[in-house]
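Each chain gets a letter, A, B, C, D and E, in the order it is written, and its residues are counted from 1.
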Amino acid sequence: MDRREPPRTEEGLYVLHDLRRVDWDAWRDAGERDREAAIEEGVEYLETHADIEQGDTAVFSVLGHKADLLILHLRPTLEALDRAEREFEGCALAEFTDRASSYVSVAEASGYTEAAADYFDPDAEADPGLQRYMDSRLHPELPDTEFVSFYPMSKRRDPEYNWYDLPFEERRELMAAHGDIGREYAGKVTQIISGSIGIDDHEWGVTLFADDMTDIKRLLTEMRFDPSSSRYAEFGRFYTGRRFAPSQLEAFLAG
Amino acid sequence: MDRREPPRTEEGLYVLHDLRRVDWDAWRDAGERDREAAIEEGVEYLETHADIEQGDTAVFSVLGHKADLLILHLRPTLEALDRAEREFEGCALAEFTDRASSYVSVAEASGYTEAAADYFDPDAEADPGLQRYMDSRLHPELPDTEFVSFYPMSKRRDPEYNWYDLPFEERRELMAAHGDIGREYAGKVTQIISGSIGIDDHEWGVTLFADDMTDIKRLLTEMRFDPSSSRYAEFGRFYTGRRFAPSQLEAFLAG
Amino acid sequence: MDRREPPRTEEGLYVLHDLRRVDWDAWRDAGERDREAAIEEGVEYLETHADIEQGDTAVFSVLGHKADLLILHLRPTLEALDRAEREFEGCALAEFTDRASSYVSVAEASGYTEAAADYFDPDAEADPGLQRYMDSRLHPELPDTEFVSFYPMSKRRDPEYNWYDLPFEERRELMAAHGDIGREYAGKVTQIISGSIGIDDHEWGVTLFADDMTDIKRLLTEMRFDPSSSRYAEFGRFYTGRRFAPSQLEAFLAG
Amino acid sequence: MDRREPPRTEEGLYVLHDLRRVDWDAWRDAGERDREAAIEEGVEYLETHADIEQGDTAVFSVLGHKADLLILHLRPTLEALDRAEREFEGCALAEFTDRASSYVSVAEASGYTEAAADYFDPDAEADPGLQRYMDSRLHPELPDTEFVSFYPMSKRRDPEYNWYDLPFEERRELMAAHGDIGREYAGKVTQIISGSIGIDDHEWGVTLFADDMTDIKRLLTEMRFDPSSSRYAEFGRFYTGRRFAPSQLEAFLAG
Amino acid sequence: MDRREPPRTEEGLYVLHDLRRVDWDAWRDAGERDREAAIEEGVEYLETHADIEQGDTAVFSVLGHKADLLILHLRPTLEALDRAEREFEGCALAEFTDRASSYVSVAEASGYTEAAADYFDPDAEADPGLQRYMDSRLHPELPDTEFVSFYPMSKRRDPEYNWYDLPFEERRELMAAHGDIGREYAGKVTQIISGSIGIDDHEWGVTLFADDMTDIKRLLTEMRFDPSSSRYAEFGRFYTGRRFAPSQLEAFLAG
């Protein structure tokens, strides 16, 4: 009953998935002036935060009752993330929203793949391509796609399916095979993987971007038949969103 | 520990099950004029959406406390579905409803059956009958029955009952046997199967239509004794509704 | 991995357990006239519904915070059940209640017992006693006892305890033994068994009536040691109520 | 697959754990006169109910957000318990509280121990000591300690840990060993065991009284290492309270 | 099936994690005077409680929707903890907060390690170093770091992973190995372990302090691969906070 070797990890931008419901009753009842102020301050908040130097902010219309808005923040520090969250409460748009859910995590790269193993090896020669790859994982830019799918997940620790009790080599192979599926969707689906052990209720947040939602559906279906998911994955709730530009906030609120 | 072969799938109309509670306190307190406006705008919303060119919309009275209304939308794009959902909030009826639950999915046909396998085989000859069948699954029309039963479901991934770890052939046989039960209820129960992996919390939405609710009860009871359900199914909540025409909205609200 | 033989079932009256909380704050704040109207309309609603030709309605004071009132409706159609539920919202008493929970099901008799098997056998001779027994299960009258215990339940589908994977004969024996326990409480505890597969979240609703609550407690304790429950039962929440006559509504609300 | 022998049980006083939150916002906003009325009626309610002839009532300040007040009622009938609960809603203090949770059960003695077996044996000679012991379990008096710990619990019915599938003799031994731990804390920790099969969501309520909360913590820690708990116990939520005299209600509300 | 030997434990300061949401709508709507009063009384509450003679109080800004504020209290008695909680409700800041969650526990040292075993051995010579160590665990001072991670946890009692069914010696070894990981993070991560068996819903509260949140993430990741966690740990929700001085309350509320 030995301790298993954990993967090396590197952390980059902190991530907040801020999921909010619109208080449509309040919105319908609001006077023209209050609506205008809410839209103006909302657009300003979203544009200012999208224009920050380090990190990014984007907004999505969420389908179904679980939320109406997903505001996705990436920031270099937890302190900046905390501020981004609280600043929203100071703007007039906040009056018309309630917090439905959220997820806090940090963009993560782990040393399971061979390439990544080199990255974590102090004796390996510097590899600019690898460096760029790692940087794209740790400091991702939000891709300009129409749809997003977000869900938190953990790895199981059950007697027969215990990810954390597998030898490193086995986990490495599982991760490699899992990554192969993802690569088949290159150009169609982009992902941000962010870790949250000790930070939020699951162990990772997964954010997938695509212009065709069925590409995400098919990618995740293929993955579900892969042991990495079929045996070891435990999923939280799934949120589906459609991106809109801050300037479209008025149209979004008009229904 | 190999990856299992996923089924081919084709996706059609996007589906939103929009479950709402009536705020009966507000309704009782509302003045005649407000009620009239709510009914008028509600009827207009429901009729306009039922009359769209692509897709359909229907409304049901839901039994029990979980919801009062089920508004069921089918649309060719997620964008149109998103709009249908938000447009409701703009009509005066919305003032008297709260969102109780929802489900987002997309009508799906999968290549488990032999017939369907042909459909996905680029070398197979075109079969107009098969084409019509697939089209009826991907672009279903809402049948004109009195009752509906909706529930989301997933397949289990437990050590002993792991759907995603079964060989394709075994899943194919299970699906075929499961389909046989459904066929015994042809003419009595109609179904819409919509997939939601990566889109909502379960893996599928199942919507059953019948003029006699006990037909649905018996169909699902038979299915529960079939390994496909007895070993592999994980059910969400069940919603039972009774369809009414948009023009009956006033009668519905009158109690 | 074969499909198991399901029992034959017959369905009778539809059942709604409508569980409501009293909004005591509103009640305390209400003026005398509003209270009187609420009591008057509440009594009228309850008496009218108890007097319907087909089916029955009764009201119970529920102990604990989960609910204050259980209004139990039996009706020949889902449509009548739906109407009974909505009509309550039209009466002034509704203003002082919130919906806490509910359960929708349909009185059911199944062909597990030998007697019942005869009932479902088209070649068997008509047996008036059996017919009366089946009728009492399908169209039960609410017994006039002081206490009620209601809970929904399902049968397990776990690898080692999978009810739906047992051969019919084994289930038949288990049901027979389970029924034997019930018969020991004849005259003390009366039951209504209603099925809800495809209708509500569990598979059955169980409603037990007795003049001494410890009889129900002892009956269920004995049953829990019987394999039918100890291995195969999955219970929902339990609600305990005390019946009162519609005319006692004022006393109930007075505390 | 036989039915196991259930223990004989005897039932005594019915028990209601009524857990309430104080609406501190309303309390802060209340005028002096309203506060005085609430305190006066609250004290009167608590004192009157503590002074009833049969049974008892006590009040505790509950730590943490799950509740602020635990009002613990013991009554000879469910009807009296129901009335005690509803009467509270009639007093002005209720305006400043919301119902957070509750538990309904009945003080219980079971025939697992040899002594108890005698009690249930109609041929055994009357034993005044045993009679007093049983009476103290069935009609317990609330001990005058500072702290209380309340939690509901059930016994597991899992394939490997199935309490209800154990032979009587094995359960008897487990119960005896469990009781031995409790006896080591005699004079430090007092308990009320109340059964709730068919009455509320778990199978028992456990109420522990002590002047030093760490005695309860140590007792339960020891018990957790005993098979009766380590293999067979399923716990609900735990509530920790500090008793105060009705006359201290004003001090309690003053913070 | 014997009872396992429990560890000796010693208890010190009682701990309350008081998690609150800010009612931002109320805050935005509040007049300048009300805000000033809330800030003034809030700062005074926090400073007074941080200055108490025995124990400590600190405040953190919590990320995400689960809470906005964590007020962490350590007190020598449950009575003082209860008072600290209720006193907050008396200050004007409370008007702008709702209770989101909480956890009640008591700082604990257990006799698993050899050093600790000496501490509990009445015949061992007094060891001032050990005494200081034990005292630091039982009467911890809140370290002055920027970040905190709090989560409650329990040990599993499943058939294959049953912590409470392991021999003492095995648990001792698991705890020692687990402690070794923690020691690698000495100087980076500080912890408070508090027990809650019989007091709150889990068995322990774990509070970790660090200036770099990724240190906590890495520590817990390493631990997750250790049998103590991979097989025996059951985690509750995780809360991530950023400490601020009471005097920064105004800045915190300004967004």
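Simple rule for what comes next: a residue touches a chain if its C-beta (ideal position, glycine included) is under 8 Å from a C-beta of that chain, and two chains touch if they have at least 3 such contacts.
Keep in mind that this is a model prediction, so the values were computed, not measured.
Asks: Could the interface between the copies chain D and chain E be described as same, meaning over half of its residue numbers are common to both, or is it different?
Replies: At the contact between chain D and chain E, which are copies of one sequence, the residues are largely different (under half shared).
Asks: Rounded to the nearest 5 degrees, what angle rotates chain A onto chain D on CA?
Replies: Fitting chain A to chain D on C-alpha atoms yields 145 degrees.
Asks: Could you give the separation in Å between the centres of chain B and chain C, each centre being the mean of its C-alpha atoms?
Replies: 28
Asks: Report the inter-chain centroid distance for chain B and chain D in whole angstrom, where each centroid is the mean of the CA atoms.
Replies: For chain B versus chain D, the centre distance works out to 46 Å.
Asks: Would you mind listing the residues of chain B that make contact with two or more other chains?
Replies: Residues: none.
Asks: So with touch defined the way it is at the top, what topology do the chains form here? Options are line, ring, star, complete, other.
Replies: Per interface graph, the chains form a ring.
Asks: Which order do the chains take around the ring when read from chain A towards chain E?
Replies: Starting at chain A and heading to chain E first, the ring runs A, E, D, C, B.
Asks: Could you please specify the touching residues of chain C with respect to chain B in the complex?
Replies: Against chain B, the touching part of chain C is residues 1-6, 9, 11, 16, 18-19, 78-79, 81-83, 85-90, 94-95, 99-104, 106, 157, 159, 162, 164-165, 195-201.
Asks: List the residues on chain C that touch chain D in their complex, please.
Replies: 22, 24-25, 27-28, 61, 63-66, 68, 146-147, 149, 151, 158, 160-161, 174, 177, 181, 208, 213-214, 216-222, 224-227, 229-231, 233, 237-238, 240, 242, 252, 254-255
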